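Common to both upcoming complexes is subunit A, partnered first by subunit B, then by subunit C.
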Partner chain A sequence: MKHADNINTPLLYRLSFITALVVAPHFQRLDLSITLALLAVLTLRLTTLYFTRWKPGRLLLFFVTILCAVLIFSVYPLLMGLEAKVALLSLMLSLKLMECRTQRDLKIVVFLGYFTLITHFLFDQEMLLVGYIFLMVIALTSLLVESSRSSKATGWRFTSLRYSASLLLQAMPIMLVLFFLFPRISGPLWNLGVDNSTGRTGLSDSMTPGSISNLIRSRAVAFRVDFDQAAPPPRQRYWRGPVLWRTDGKRWTRAKFLQAAPVTYRSSAQPIRYQVTLEPSPNDWLYALDLPETLPPEATLLPDFQILAKEIRNQRYRYAATSRLAYHTGPLNQREQRLALQLPDNITTRMEELVRQWRLEASTDRDLVNRALRHFRTEPFYYTLTPPLLGDNPSDQFLFESRRGFCEHYATSFTTLMRIAGIPSRVVTGYQGGELNPIGNYLIVRQSDAHAWSEVWLEESGWTRVDPTAAVAPERIEQTFEFDLEENSGLGIPVIFSAGDYGLFKNLTRQFRLGVDAANASWHRWILGYSKEQQQKLMQQFGLENLSAMKLALGMILATALLIPILLYLLRLRGEVKPDPVVKDYQRFCKRLSRTGIKRFPHEGPKDFAQRVMRKRPDLKPSVNAITQHYIKLRYGRSDGTKLRQQFHRLVRQFRA
Partner chain B sequence: MNIRLPERFIRRCRCNHRDEAMIGTRQIYIIPSRYGFGFALLLLLMWIGSINYANNLGLLLTFLLAGLGLVTMLHTWRNLLGLGLRLSRANQIFAGEQACFEIQLINQRADERPAICLQFEQGEALYRDLQPDSDLIVKLHIDTERRGRLPIPRLQASTTYPLGLFYAWSYIELKGEALVYPAPGPKQAVTHLPSYQRNQQGDKGVGADDFVGLRSYRPGDSPKQIDWKAQAREQGLHTKQFGGDRADLSWLDWDHYPHLDVEARLSALCRGVLDAVEQQQAFGLRLPDQILKPARSEAQRLAALRALALFGETAQ
Partner chain C sequence: MKELLDQVVREAGRIIVGKEQTLRLALTCLLANGHLLIEDLPGVGKTTLAHTLAKLLGLQYQRIQFTSDLLPADIMGVSVYHRGDESFQFHPGPVFTQLLLADEINRATPKAQSALLEAMEERQVTTDGKTRALPQPFFVIATQNPAHQIGTFPLPESQLDRFLMRLHIGYPDEQAERLLLSGEDRRRLLEQLPACLTLEQLKILQQQVSNIYVADALLDYIQDLLKFSRTSPRFNHGLSPRAGLALINSARAWALQAGHQEVLPEDVQAVLAATVGHRLHSSGDTGIDEGASLAQHLLQSVPLP
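After this line comes the complex of A and B, so read on.
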């Protein structure tokens, strides 16, 4: 194993170049000084390769190493956090590259490179990155291939790249078997303190006018839903999130419920089952269709039907839930009543006047609610993405002056009015609607589907959902909320909904987008979100329930053991040269003769051999002569007739020595 | 890497009817190299890291590399599988010199076989890349100590291609031998007088060695033999005549060295053969079991050395 121990310059160039590419995605994440140091070391490496006179001496290496160590400890004093560790690893890799001379060094650099690749996934899990990493694995592997050849490349050789790509393609089935069957250990082995509080868009647990209309501009996916049966119609797709009780006249916040409540509502509707895959968010609540019934075990249901789940922050989380779309929540307790009637200080007289007027017209609470909705419908209220800025008393200003607003304006002012009327009410935030993707047959709910609505408590139906936005812009509820942001960006301009008659181009791009999302969703479900539970479910689909880790491991080994012979068979098929049938027949002839002791020498031509045979065995003369004649004609002559070949084959078959 | 296996458990790859050995499926040993163990450690670290950060993509990469490791094992094994070897030539040497075996490596596959290492169990290792469907010659040297037949020692073909994570090797026993002549002894004091054998037809002065005299030019004489100097002195055209078809003849006799033991006698005789050849003497060889008639030719030299090398061994 000690052949050509030193690696040559072209290979070193290649190694340096690939190492730079391997580290590159970290540049954006690391401290600028670390990135600069990395680039400096890599540049130094390339310079010393180019100007062969400047061999990096030990002293220089020592000096550079000390410098890097000082730098890293000054940027990350205690090496806390992922970033610091990644910075350390990247610097180690590039410093090792500096002193890379032998086969052994090269292997260490490549192994460190593999390890560096895995760290990228701690920061980013996009498909694009995965593709990049795969290319890098091919490149690193090709270095190993190249270095283990005995003739050294003088330039870039692409055969080794192609070969390493084919190796990795062959490794893929094994990878899949291992991935799906390797017994999963859930939960971290030890806590490394993942610090991942990067700002992500999503609902928050409080609401001021404008907080949702900011969200609406984001096409980011909030979550995806698979329904076990047909999805409910758009107007019933209310995804319940944080419930807001308290208000100071401008800002709405949640109430504190300390203990979970058992689910208490009556319903005659069929339960709807579905699975939600939540994209990472900094929040700790889950979304469910109004109203949730059963939840994942780690979640708790608050009395206002808000679902909390610990330990789901910043990760993709998949859960199953059931909901019933028609319900009666029963009586209200003292505390809830007090909370649901809490009023801010800034109630104006014209608001009270408006409500008093409605009260005179309506006999019941339900009538009053309908009267209020009619008010929104008949008065010139507009639904706009860009409402004018409102001052200290947004509800009053919105109701009587601007009359242009987004769902949160409608929901908050409606709720305030209801409270003035003495009807217990609250604001619910969440998402409404979602786009049904026919390709994967699931629902995509985006940040742009964020919504706010009201709930009022009525004697005859308990908590009842009232959506004042629907009164103003029923299209918002009935249709997929999709419109051109450019067209609707003017201040205060009412939103024009497109009624689904997309142009051809738009339709095509939409189809494409849906296709990409379907790929993304299955990627998320099967790869990123694949967990112990998913594994159990997958096994259930094959009719194997409650497999122990032991049995899974056995299954995995068995499956791999099945893959390997298949691979071997394909490999053997690929490499074999099919011998010429004529040569094969002639070899058979020689073999028969060799059994009688007349062996053909490697240097002996067919003619010489035939003469020798005939000298030793005059009795075989005719057949040997004929076979040799045929062979020479077929091998060296012009004729290549199948007839002659068949004749030759017959002659050899009949030949007995 | 040198692994010693108990002799009786070794699976060997032997020659077929064409004196060619082809490495079969069951004659290949394979173990992870030290880099292979390093790679396994790396995978373990990556696995633990992925579990800890609950990072499925990390696991995916780990398993991809694990798959790569398994696949590479097959490829290392396959790099040796079906490799053909044949002894194409062995040179003749004197004991103490290095014997050179020329081994033909045959690749009948449509894929190349890079980094095939060939070595005797003790000895230098040579690395070669075999092109698709081709063959090449590798010269392996081995030290010799004693005269006689030197059958080709057991060969070891090995490879770590493609990734160096696994080491596969195979033992090959080829047919063939090198002939080792006795080491020439020191120059001996001549204990016998060389005898002359006159040409039976007398010295006709038509040899090529000794200058005999001049005669006048006759048409047809070789221009090489014309005495051009005499011509320059304007003494006329003369042709130089050479004699020497009367040869020196020596007998190399086993009994000339009564004071030496067998091997030393053979060495001395070997020296005698070499000297005789050098002086272009015809010589005969007299051994207890064999007599070579005097002659002066390359064939005579080879026959004499062969007889010395194989002295005492049962004739084939």
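After this line comes the complex of A and C, so read on.
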């Protein structure tokens, strides 16, 4: 009996294999040495399964366990942080595999596996991962199915997979009820000390030459935008981020505004309404089209039209805003004027000379701006992703020597020149353009769309956007900014813009990529973004407003309680097409008896049961006898008379225990 | 008919005291036209049981004591050269009888065992290229000693399968033992035992067994039992279709004995342990015979449909 519930080798193989798959997504997150240790333990398991003679002794297992523990403590000294705990869990899971022999061990490993699957959600909740986890749950469940089946059972080798898949499918309605009705905690549920901001790229609140050209190598998504109407054309898609005022000649930084003044501007343009879904970012500002008008309630607008959020969000964040594309910002106040004319110390004479030259040619400020743009257009300036390294005075060097630069070079030197000319100006950073996804009908703005431009204050139009990059490389602004990094990797080589004629394969992959992105976006919006507010909205559609968490929980329990009988009923309908009335009557008879404490065992025959009943309740003897006789005749006998059947039915109905 | 069978059991109960259930099962086995294997320690009455049955049923009776040097010819018979006719003449062996008691069957070599087992299955014997039919009816009651002993050849599963039932007799209870010890010599009683049945009656009884009705609901139950044995991880391998047939036939015979018109689940359950016990092995085979507990597990795990 002792070895009766040992599990066999094929099942152990399967268990080891599935355990490896369950742990696999953690590999990228854990320290390399931990990953190697995990793989080593799994390999050890498989080899000892293959070479049956080489059985790991207790001493060896003990040694391996100690080694693993030492490794974990050396990598994560105090077991601080989520990674350490996950590493511990994964290693212990694979070690448990080593001593897996009986059914009980198998169950422990499977349940630990379920738990390990949950830990993946602490790091990532992407659709692909969720799909993977679904598959793993099916696989783990199939192990439980397999272990309760005979190994000699015939049929398809993976029947257990089918069983477990259908089992989980049957649980689906309940899962949905729990998902929609489980009371939400406002705020991130999964944010258990996970640092999401590490390794994230994005704009920062200061700029030095080269900071944006580094950023654009990343294809990571910055945010996605759903427009309520048609999206504006590419040359008008300026997504406003930090506005930079102060400069030391090399570095540009924001100005400090003590308070958010109520900002107004005149505009005759139609407002554009849109929703932005911002990827997690380490910054506290939001992005909006130039110029924002209405904002999400939890944000404030600074006087330079930069939007500040109240807090840094480590979660994907969705907000609505409206903007107007044409505007007049009105007069400049003193402080702004002072800030917008601040000059660094390293202005060279040739810069001043250049501006003086322009001033002579131009009658108004506007003419001077145009003259400067013409300078960039006609002189041999190039737009390049890999500008040459500049020294202490980048503006001067760029303007007169290298003449190869990225948007930040053009924006900063242009702004400096305008300030020399006495025109108030500032640098705006943000994103420009974005790729329209026709599948989900939304705009994808990537880190590679990062951009910097200038704003000058003119008497007749207020703050006016001037993009010197557009003068040098109009394609950058007019089209979706796509380029081949390989093609453009040479130092100082002008950007070759993709003409937009893709090969068939490239086109297909692009379509596929866009499709995946659209699916992911709606996944985030509808599933992961299903928050307390959305829940309330959904409840409102059913006419239930302002439900407390308690009521929701009650509703959840109620809905589940309603659902289970329905599911059971459906299952029964499928299993038994037509229940035999004789059996039904007999079951009723047994039920009545069970109420008095005499319960029929499932395997007990009618005659044995009757005898037991009569021994316990001699008073029932005649009726029990008659019913049992009838039942035996009807169910196991040759007779199939309707008369007998009716008699039996009457007997059961009259029976009182 | 029930009375007749009851009388057989009653008479046998005078010899084998306090073992009514075992006697009934043994009788059932013979009614179902199957061979019987009795497995128990020496001295609990295996041979006496076989002898008693032979007497009561009025059958011709032969006994072979199996030893390790037993040859197939010792069982089946030999052809001996006859000088007078200048020809070989067949001298039939002990197998040519109606009831054969094969004592300690696991002591003989596999060769001798298989000779007997062929006879059991085919109900005929082939020697010197000539096939000879065995008398009708033909029953084999084999006994074996389960305890591990040096020099035995345990019957392989395929040959165990030929036996319709396997019975254990077990020690008698105190009262029965007292009766046994204080009573007359069983051997003498046995000699005086009258035959309760004629050959004709036995044939009629066997005919009636096959007439017992088996309802669809009962077939469902039997199929459920077979299916469970094949899918539960508790068993090394499931029951064969032959085991299913054996179960139905024994249940029919039991039903006749119990006076039922039709086979009830109780009849199946009554013969289950004896019929399937020697055909089941637990999945982690330990070499220890667990037939009884496995049969019990099977019985309690399968609900009546």
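Couple of notes before you dig in:
Methods note: the second predicted complex is superposed on the first by the 361 of 657 C-alpha atoms of A that agree within 3 Å, B and C clash if a C-alpha of one lies under 4 Å from a C-alpha of the other, contacts with A are read in each partner's own complex, and residues count from 1 in each chain.
We take it that a residue touches a chain if its C-beta (ideal position, glycine included) is under 8 Å from a C-beta of that chain, and two chains touch if they have at least 3 such contacts.
This structure is a prediction, so every number in the text was calculated from the model and none was measured.
Contacts of A:Q28 after superposition: neither subunit B nor subunit C is touched.
In the superposition on chain A, contact is made by A:R635 with subunit C only, not with subunit B.
Between subunit B and subunit C, B touches the greater number of residues of subunit A.
Of the two partner chains placed around the shared chain by superposition, neither subunit B nor subunit C is touched by A:T378.
After overlaying the two complexes on the shared chain, residue contacts for A:N6 are found with subunit C alone; subunit B is out of touch. In the superposed model, A:E604 lies in contact with subunit C only, and not with subunit B.
With both structures placed on the common chain, the touch criterion links A:R149 to subunit B and to subunit C. The residues of subunit A shared by its contacts with subunit B and with subunit C are 1-4, 103, 147-151, 602. Interface residues of subunit A facing subunit C in the complex, by the touch rule stated above, are 1-6, 103, 147-154, 601-608, 632, 635-638. Subunit A contributes residues 1-4, 103, 107, 111, 114-115, 117-118, 121-122, 125, 130, 133-134, 137, 141, 144-145, 147-151, 163-164, 167-168, 170-175, 178-179, 182, 185-190, 192, 194, 315, 527-530, 560, 564, 567-568, 571-572, 574-577, 579, 590-591, 594-595, 599-600, 602 to its touches with subunit B in the complex.
Considering their complex, residues 1, 17-19, 33, 35, 38-39, 42, 45-46, 48-68, 70-72, 74-75, 78, 82, 86, 88, 108-111, 114-117, 125, 127-129, 133, 160-164, 167 of subunit B touch subunit A.
For subunit C in complex with subunit A, the touching residues are 213, 215, 217-218, 230-238, 261-266, 269, 282-284, 286, 290, 299-304.
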